Structures are given as C-alpha cells and as structure tokens.
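Think of it as A, B, C, D, E, F, G and H in the order they're written, each chain with its own count starting at 1.
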Amino acid sequence: MNRAEILDRVQNIFRDIFDDNDILITDETNATDIEDWESLEQINILVAIQKEFSIKFSIDDVEGLENVGQTIDLIEAKLS
Amino acid sequence: MNRAEILDRVQNIFRDIFDDNDILITDETNATDIEDWESLEQINILVAIQKEFSIKFSIDDVEGLENVGQTIDLIEAKLS
Amino acid sequence: MNRAEILDRVQNIFRDIFDDNDILITDETNATDIEDWESLEQINILVAIQKEFSIKFSIDDVEGLENVGQTIDLIEAKLS
Amino acid sequence: MNRAEILDRVQNIFRDIFDDNDILITDETNATDIEDWESLEQINILVAIQKEFSIKFSIDDVEGLENVGQTIDLIEAKLS
Amino acid sequence: MSIEEIMEKSDRNGVTLVVGADSDIGAKLIETISTDVIAHYYLSKEKAEATASNRDNLWSVYGDLSSVPGITEFIQGVVAIDRHISRIVHLPSSPAKPNRITKFDPNRYLREINIQVVSAAMILQAFLPAMVKDNFGRIAMVLTSYCIGVPPKYLSEYVSAKYALMGLMKSLAVEYAGKGITINAVAPSMTETNFLSTLPEFEIESTAKAHPMGRIATPEDIVGILGMLLKQDIEYMTGTIIPITGGTAFF
Amino acid sequence: MSIEEIMEKSDRNGVTLVVGADSDIGAKLIETISTDVIAHYYLSKEKAEATASNRDNLWSVYGDLSSVPGITEFIQGVVAIDRHISRIVHLPSSPAKPNRITKFDPNRYLREINIQVVSAAMILQAFLPAMVKDNFGRIAMVLTSYCIGVPPKYLSEYVSAKYALMGLMKSLAVEYAGKGITINAVAPSMTETNFLSTLPEFEIESTAKAHPMGRIATPEDIVGILGMLLKQDIEYMTGTIIPITGGTAFF
Amino acid sequence: MSIEEIMEKSDRNGVTLVVGADSDIGAKLIETISTDVIAHYYLSKEKAEATASNRDNLWSVYGDLSSVPGITEFIQGVVAIDRHISRIVHLPSSPAKPNRITKFDPNRYLREINIQVVSAAMILQAFLPAMVKDNFGRIAMVLTSYCIGVPPKYLSEYVSAKYALMGLMKSLAVEYAGKGITINAVAPSMTETNFLSTLPEFEIESTAKAHPMGRIATPEDIVGILGMLLKQDIEYMTGTIIPITGGTAFF
Amino acid sequence: MSIEEIMEKSDRNGVTLVVGADSDIGAKLIETISTDVIAHYYLSKEKAEATASNRDNLWSVYGDLSSVPGITEFIQGVVAIDRHISRIVHLPSSPAKPNRITKFDPNRYLREINIQVVSAAMILQAFLPAMVKDNFGRIAMVLTSYCIGVPPKYLSEYVSAKYALMGLMKSLAVEYAGKGITINAVAPSMTETNFLSTLPEFEIESTAKAHPMGRIATPEDIVGILGMLLKQDIEYMTGTIIPITGGTAFF
C-alpha cells in the first residue's frame, strides 16, 4: 500500500472520530490543528489504525508521535 | 383518655412499626425486649405517637425515655 | 466525714483545677457557673476526687452528674 | 572550551553529587550505569552544570536528555 | 493576568442556571445574584410561575428530573430561553428519609439517582460545550457532610446517590480543568431548609443541641460559599469539596 | 473472647457468595477458598455451568444484574440453593470504557448503577438478616483506586458508579457495626484481568511503564487482601477501603 | 442573626496578625487588608522596618521562629503593641528543598518544626484567650497540596512538618468550635513566590507545562481564598483545608 | 513472578526490628513472630534485659528516643547486633494526655516529636539502604484513628505528632516504591494497652459503652493487621493507612 493510500485511510479514521467529514489531514497535521484532539482521541485514532491496518503498536511505537506524518511512517514500517 | 386506652393505642403503633401483631407491651417494656428497637424505630414510634395523639414532643421530653411506661407518662402529661 | 467536710475538700479541688482561689461552690453550682468547666475539667475534677477520697467511680456513677450537690451525694454514697 | 574539558568538569560534578571519586563517565553513560541516578540527582547535576558553566537551561533543553553525551552537546551549544 | 485577558474576561457574567431552586438554599442564592438567572423548580409548577413574575431578569422552568424524558424536556425548556449559560448551581435532591437497607427500594433509589446524578450529567452534557467555546464556566454542586468520613445510619440510598454525584463532580472537574471551567461542591451538615420537613422537630433540636455551635447550618452559611465558588477570579480551584459543618466533619 | 463465644463461632465458615466470578479476580479468589462457594456469573451461562462441574462444593448461578428483574431472579436462584451465606464478595462491573461527558448515555449509566450498586443493595438486603441472626458476616467489595483523590479523565460514568458503591458500602458498614458483620472494600489500581480487553495494549504497557514498580497489579495482589477481609478474627475493621496501588494512590 | 448579634459584631475588625509576611503571599495579603495589620518578618530585619514606614495602620515585628526563645521574644514584641488581635494568618516555612531521607538532618527538621508548628502553637496559645473572651476570631494557615493524597518524592522533612501543622490546625478547630473562632487552612500547589528560588527555573517551567492550566498558582489565587476565610460572616466553616491546585490535587 | 524471583525471595525473613516493644501491642506482636526479632524498649531497662533472656532468637535493646543523642545511641546498639534487618515495626509514643492548647509546652511537644517522628526518620535512614540493596523491606507504623477526620478535643500535641509521623510515612512510601520496600501504617481507635493508664477507668468504660461493638480495640485486633503488612507477598500495598476502629472512623 502506498503512502497516499495510507493517508487516505487515516483521514477517514479522523473524519469518523471527530464526526467531521471536512477534515483534511497532511503530514504536518498535529493536535493543535484539530480541536478536541486530546489524549482520548489520540488513543482512539491509534486503536482504529490498529484495526484498519491489522497491525499492533507497542508503547515505544506510539510514544512521542508528534504529527500525522510520523504516524504514517509508523504504519508503513509496521506494514513492510 | 385513660392510661389503658393510651397503652392500647401505643401498642397498635408498636405492632405497626415492627410488623408484628403479636407484640404485647407493658409499662416495663423497653428496647431490650423487642429486637430491632433501635434509634430509627424509637424515632418512628415517637413520630407516630405525635400523630396519633396530635401532640408535639420537644427534645427534653424524649431524651432519656427508658421504657413504655415513661412514654405513656409523657403522653398523659401532654394530653392533660 | 460529714457533708460540709466533703464540700470543703471538693472546693479545694475546684480551686486547684481552675487556678482560682476565690471559687466558692455550693450544691447548686454547675458547669454554667464556672467558665472553662468543660468535659476536660469535669474529668480532671472526678479524677482528683477519686484520689482525694480514695474511691473509684464507674461510668454509671458519673454519667449525668448535673451539679456539685449530686457529686457530693455520690462521694457520700461511695464512702459509706 | 573543548569537549574533553567539558567532560572533565562534568565528571567532577558527578563525583561530587554521588560522593564517589572513582566515577568515570563517557558520552554513553546514562542513568542505568550509576546507582542512585534518579530524578533528584538529575536535577542536581543540571543545576550544578548551570553554575559550573554559568549557563541556563530551559525545560525544552533538559527534557529527554538520555546520556552524558547529549548533556555535553547541550552545554557546548549553550557555550557557543 | 495580562490586560488582554482581563478585557477578554470583563464581560463574563452570562446567565446563572440554578437547578433545584425549590430548596431554601436555592431561593436564598438567587436573591444574592443580581445578574440574569434561570431558575429550575421541580416541586411545584405554581411556584415556578410565581417566581418568574417577581423579577425581570429571572426566567423559571419547571422540570421533573426523576426520569430521563423529564430531564430531556427540562433541558429543552432551558435551551428555548436561548441565552448563554456561564454558571450552573446544582441542588436537586429528595429530602433524606431514614430507612434500613432491609427496606431498600430499587425504584426509589434509581429515581434519586436520576434527580441528583443523571440530571447533573445531562445538564452539563448540554451546556458545557458552549462554556468551553467561551473558555469560561463556573459549576457548583451541593453534596452533604455525610459524604465526609463516617456517614449516619439508615440513609444508605441518599448517601449512595450523593456519592455518585461526588464522583461525577470530581471526574468532570478533571475533564474540564484547563478549559476555563471550574467544578466544585459544598458539603453542608444539617441545614435549616424546607427539606427538614421529613424529620421530627425533636430530632432537629437534638442535632442543634449536640452541635458545638448550638445550631444547625443556615442557608446563609451555604450561600456565602456557593457565591465564592461562582466568582470569576476564583479560577485555580476545581474538584474541591468544601465542608460547611461548624467543625463536625471535615477531610 | 469468652470460651462460649469461641465455641459459638467455631463453625462459622458457611458459604461464601462470590458475585461477579467472571472476573479473573473472582476466579482467583474462588481457588483460594476451600470451603463452600456459590459463584455468580453474568458474562456467560456456559462458563457458569462449566465451573459448576469442576468442584463438588461449588454451586454456580448465572444472573443478569443489569436490571432489577434480573437481580431479583438471580437472588431467587441463590436462595434456591438453600444454604446459609456467611460471606459475600461483590465484584461485578462493566469494563471501564473512556468517554467524554459529551457522550454521556443515561441508559448505559443506569445499567452500570444496576450492575454495581443496585445488585449490591438487593443482595445484601436479601442475605444480611440471616447474618444478623447468626451474629456473623463478612462482606468485601471491589472498588477502584479512581475512588481515591483525583480520578482519571474520561471515566465519569464508571467513577460515579463506583462512588455510589463506596457510599453504599460505608453506610451499611455503619448500619451493621456491632452485629458481628464487617463490610470493607479494596481499591486496586489497573489490574491484569480480562476486563482490560477494552483498552489497547500500548495503553496498559504505558501504565505499567509509568508505575514505580514497573507493573500493574495482579489478581494475586488483590486476592491476598480480600482473603484477609473475609477472616473471622478480623472483626474490628469495617467501613474501610484498602488501596492496592503500589503507592500511586492512597488516602 | 438577630439585630443584637449584628450590633454586637459590628465592630469586629480588630487587628490582623500576619505571621510570615516575608512570603509573597503574605505581602499580597496585607495589601488586601485595609484594617490594622501587624506583620511578622523573619527573613530580614530591614524589610520589617522598611514596611513599617509604608502604612500608618501597619506595625511590623521581626522574629526568629526557629527556636523557642525566638518565638517567645516575637510574641512579647506583638504583645507590646498592645492591640486586640482578632485574626491570625500563619504562613512561615522554609522553602521546600528536595532531599533523600538518607540525608535526613534531625536538627534541620526540628528547626522546621519550630518555624512552622511550635510557632503556630505558641502564638495561638498567647492570643486565643482574648479571642474567646471576645467570642470572635479567624485563623487561617497555609499548608501545601503535598498534604493531599500522594506526596512528591524527596520532601519528607517538609511534608512531615506541614502534616504536623495540619494536625494542630484540625485539633484546635475542634477545641475552639462554638467559641466564635474558626481555624481553617489553604493547601496550594506550587505557587509563584520568592520561595521558589531554591528550585531551578526549568523545574518550575516543567511543573507549569505539565499543569492542565499551563501555569502554577499565583499569590492572587491564594489570597482570594485566605480573605474569604477571614470574613466575619463565614462562621460555620472550621477545620477545613481548601485545595488550591487547579484540579491537580483534592480530597 | 518468575521462578528466579521466587527463589531469590525465598529466604527473605531476616530480622524484624520492633521499636517500642514496651507497648502491649508490641509485646503481642513479638509473640506472633517466630523468626529473629530485635526488640526495643524505652520505658524500662529491666524489662529490656528480662525479655532478652526469654527467647534465644530475640535480642533486646534499651534506648531513650526522646533526644537525638539517645536515638543515635540506640541505633548504634542495633547496628552492634550486626544482623540484616528486613522488617521494622514502629510503635513508640507517649500515652496521649488531654490538655488545652493554653497549656501547650513546646519542650514536651518537641520531646514527643523526637520519640515518634525523629526516631522513625533516623532509624529508617540507618536501615533502609541495606533493604534497598536486598530489594526487600517491610515497614509498619502505628498511627491513631485521631489522624482520620475530626480529632478529639484537647489532644493537639499528640495528634500533631502523629500527623507528622503520617506525613513521613507517606513520603517515604513514595520514595521507596519500586525498591521492594513497602511502608504502611495502622490507625487504631482506643486500644486496651498499658498506655491507657493515664486515663480514668470511667472514661475508658464510657468509650467502650459508646462504641457500636461495645468494646475498645484489643492488641490482637491490631497485631493481626500488622502481621499482614509484614508479609512478603503483600508487595503492592504501600503508603496506606488501615483504620482499625470498629467502624467509628474511616476514610
């Protein structure tokens, strides 16, 4: 799966979790860009990603993720 | 109202509060004679007596009542 | 020992406990007459009396003592 | 001041804080290498470094320092 | 605080929603609030209407909080008034009636949970988001001193419901800390209000007599503290419970 | 204690009722109890039947505690076994699922109140009178460390229900003090059980990593204390809550 | 309150004694008190004298509270001013300096006990009797949020001394309940004062950054509550501890 | 726990140091400990020597804990026995003697602080490092139910000292969490011991009469819980205070 496809699927996850179909995410998007993106949502996003890509994160994977780009890097790494 | 009548009415109150129609009370009857006769029941008895005889007790009236006899003395005093 | 002697000795106990040599007590004297006569002082008075007359009080003895008179009655009873 | 001199001065700070004149530190030395190197000692080390080199750290400077090497990089940066 | 912040906050009165204004504490509190008030009544519709006419900056809404539909309807009534609510005081409860656990009634208990806890949760669910947008809100709840230390005998239903409210209050204080919203509570001991009608006078007398201050609490004792908790500049206090007991119960 | 009392108490084992044996804590606890046990299951009927066959001094009863009729039916099932119950351990709860108050669901909350609190009240209402007659009883409940100090964010429904249970526990401890019955609770922090299935593993890892002991609690950590609370000679302790948190929360 | 009582109380300002005015909280507090103040300083005699000249209704007294003779001398100094003291605010403490118990110094600890606790006990011993005669007094003490729940690591001497003060406060609140005297305390979390000088700035930054409100407490946050505790009409609150922590610690 | 850990822990008895063995609780506790014990006495040297001869695995050390030199000398005495100490139970205190704050005596108070708190700090300072190396230790302290909620009147010196000890206990529990060392406490209400000699019998009777269980606590009630806190497998409980009050005081 290429990066664009991953970004697209992750975007759908964001739209679902924040009940907002207009959300557009980029590699730079981070918690300050989306209202309500707090610890709870971060966890829900990661859990949804685990399901969506049938991958599993460890604490070291998810600690210190700062933006969407890093999250997608992580997904790519897990998938490869 | 004579003492016997008062005792009779008070006995009905006891039977009602302790759900026990076999209760027989005398002047000597006290909290040790009836299981479950604790602070809560004592208050309920006094409240029921207030209603039954349309009298009103003060804290000094009810402090240190030790048995049915003293309670009936109190009722008589209030009624006279 | 006669009542007057007992009263006199008890008065000395009061004077000692309340650091006040002008205290004069009578049978009617009670906690409202002497400033600072609270639970702590009441206990100290009773303890001092036990020592002074080498007697021992039970809880039933000392519950509900209302004034000096009753206290002296109690001492007399214990001594007899 | 060159890196070696900095390392040497920092080593003295470590020896002082851990009361151990045999401590030898390298860039790789981290909290797991020295017993008792916990949050309290880390703060004391950083404070001593601030004094020693008359520099001042911000929270962003000191967050996530993982070993002596990174600490010395930080000092170098501050001094330059 | 920077001038900007002060300016930004200068117009932060908004409307105060008093849920459970039937209680003498609620009534006394409303007297002390000069700004706009929405008063909720649940004991009598008449009282609700009567009060409405007293004051031009007071709206009153009747609402039965003992069931979820009733709470929903009440919230719709408040929303219909269409004002920004910046402060909420939550007082509703049934009078505490002594009872043994052997007389426990699940439906009466669940009714009490609705009146006290579900109502608070649903009301805050409805009005907190606007407070968050405004970055300002003050919530005060009325618990009881029975939530502190050893509770009295025979009030398990009442005490359990108040504890549930206490747990909700603390959880929400944490959830909204840092959003300009404080959520606190008072825990009064027995207070001279219409709610005491369920207790015989000699019981109240005896409580007053046994109290070191020789009296039970008054609505004034409570309202003074509630007012403090609603103040704009009391912003660093949240999740706290203030005992108002004359020294008979504290943490 | 006089010889008479000792004699009188000498045969005080009776049956232990474990409500919520589905949880790993309940399962582990039952292993440690050699005397007669009635185990309640609410997640799976199968599990209930399976267990029943494991041990000849273990009865198992399935019961849905999420509604009053379900609780009533369960109690009838226990009564039908017709044994004197001298000890009750109360564990049922739903797994804590993080949620904002803006997603509060009154029915889900009331369901939780039934499972945790109404069940406890009705079960004790049913079995305390026999304990009183016997002048002996030991009740232990499982709360959570979230009931101590500052609760975590986003668990308001769960925390509020546990607080309600805490208030019930304390009230009944007082109501039954002096009748030979003790009612206590444990308050564990996050514990390795099947209930964690609702949390992502990395969350659990992160809690363990942040804990001074580098691990979350185990069922063994909890069962050791529960066992102590059920002991006959621990008779002067009631109304207490024992934090089992490795030092991360205490009173 | 009857008119008589109001009249009787109408002249109840008297002098406020602020013990430990060196701290920024004490200084800020004094600014807010327009009535007569006696300010105690222990860090610098100069500061004490300087302040004295600022205001005509302010007396200042230097006093070393770290030893019993020093405390005695200080009390004599206050007595010499010969004014009725109706309110006392107790703030003195050394800055909290992190240390392992393995570096425990009994003399430093006993010195801290003198500064914080023995000083409070001896000062109250000296001035409470006149308050009792007047049937009015307001005492407020400054504890710390470290007295609530789990304390931080490495502050055992400081925390233990504050606990000792907390125990004294509660005991005296009970001893003087019903004599017109209230004794309460605030428990602030880390506050922007000169006392932070012992901590590196990055530590303070990091505490502020980790706080849900993004800042530590300010003297204003504390003084607002202290002022409330000194009010004449706040008479039914005693023995309480008010957490001022922005939701990071509460009971 | 891995087999390795179990093996590693299998020989973890070591010596139990009982500080304040003069009290009936201490004496009763020692009876229940079959492994090696070092018993500290401070009331009578004779008693100390007498006990020593009773048991071959018991050492006894006399020590005056009321001053820093006395504590130092005592610690040297224990060190001289040259055994690894793995458990410490801390009981010393003077009998609580009722007194008004107006009779506060700073020297008597500081003496009590030494006996209870400075002794605990210095003893732990001396013996914790070896426990850390061994990655195992169990510390139990004896507080009082007066540390819970509203304290009694007229015991401010005693209550304040116990609070100081409580603050020390909690701080050290946090400082040593994760090093295999637990530090906990019990908080008993009035207990039948030689320490009651300072109270008149009618006072003790009246406390027993007023207690729901009709009796005050016994040393057995306390020792049972202390024993639990010393157990090796109770490792996830630290910083806790266990009320032993028969339901008259709890958190």
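Note that in this section a contact is a pair of C-beta atoms (placed from the backbone, for glycine too) under 8 Å apart; a residue touches a chain by one contact, two chains touch by 3 or more.
Here the structure is a predicted model, which means the values were calculated and not measured.
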Practice prompt. Can you tell me how the remaining chains group up by touch if subunit G is left out?
Written response: A, B, C, E, F, H | D
Discussion item. Quick check: more C-beta contact pairs at E-H or at C-H?
Written reply: C-H
Worksheet entry | subunit D and subunit F, separation of their C-alpha mean positions in angstrom | 50
Worksheet, complete the sentence: Expressed in whole Å, how far the mean CA point of subunit B lies from that of subunit C is 37
Practice prompt. Find the geometric centre of each of subunit F and subunit H from their Cα atoms only, then give the gap between the two centres in Å, rounded to an integer.
Written response: 31
Fill in: Between subunit D and subunit B, distance of the C-alpha-averaged centres to the nearest whole Å
82
Item to complete: Any chance you could list the residues of subunit E touching two or more other chains?
Response: 100, 150, 153-154, 170, 174, 239, 247-248, 250-251
Worksheet item: Using the touch rule from the top of the page, what pairs of chains touch, sorted by label?
Response: A-F, B-E, C-H, D-G, E-F, E-G, E-H, F-G, F-H, G-H
Practice prompt. Can you check the complex and tell me which residues of subunit E touch subunit B?
Written response: 98-100, 153-154, 200-203, 205-206, 209
Response to the item:
Contacts from subunit G onto subunit H in the complex sit at residues 68, 71, 100-102, 104, 106-107, 109-110, 113-114, 117-118, 121-122, 124-125, 128-129, 147, 150-157, 159-168, 170-172, 174-175, 239
Worksheet item: Once bound in the complex, which stretches of subunit H touch subunit E?
Response: 148-150, 247-251
Worksheet item: Hey, which residues of subunit H end up touching subunit F in the complex?
Response: 170, 173-174, 177-178, 211-214, 217-218, 220-221, 224-225, 228, 231, 233-248, 250-251
Worksheet item: What residues of subunit B sit close enough to touch subunit E in their complex?
Response: 39-40, 43, 46-47, 50, 56-59, 61-63
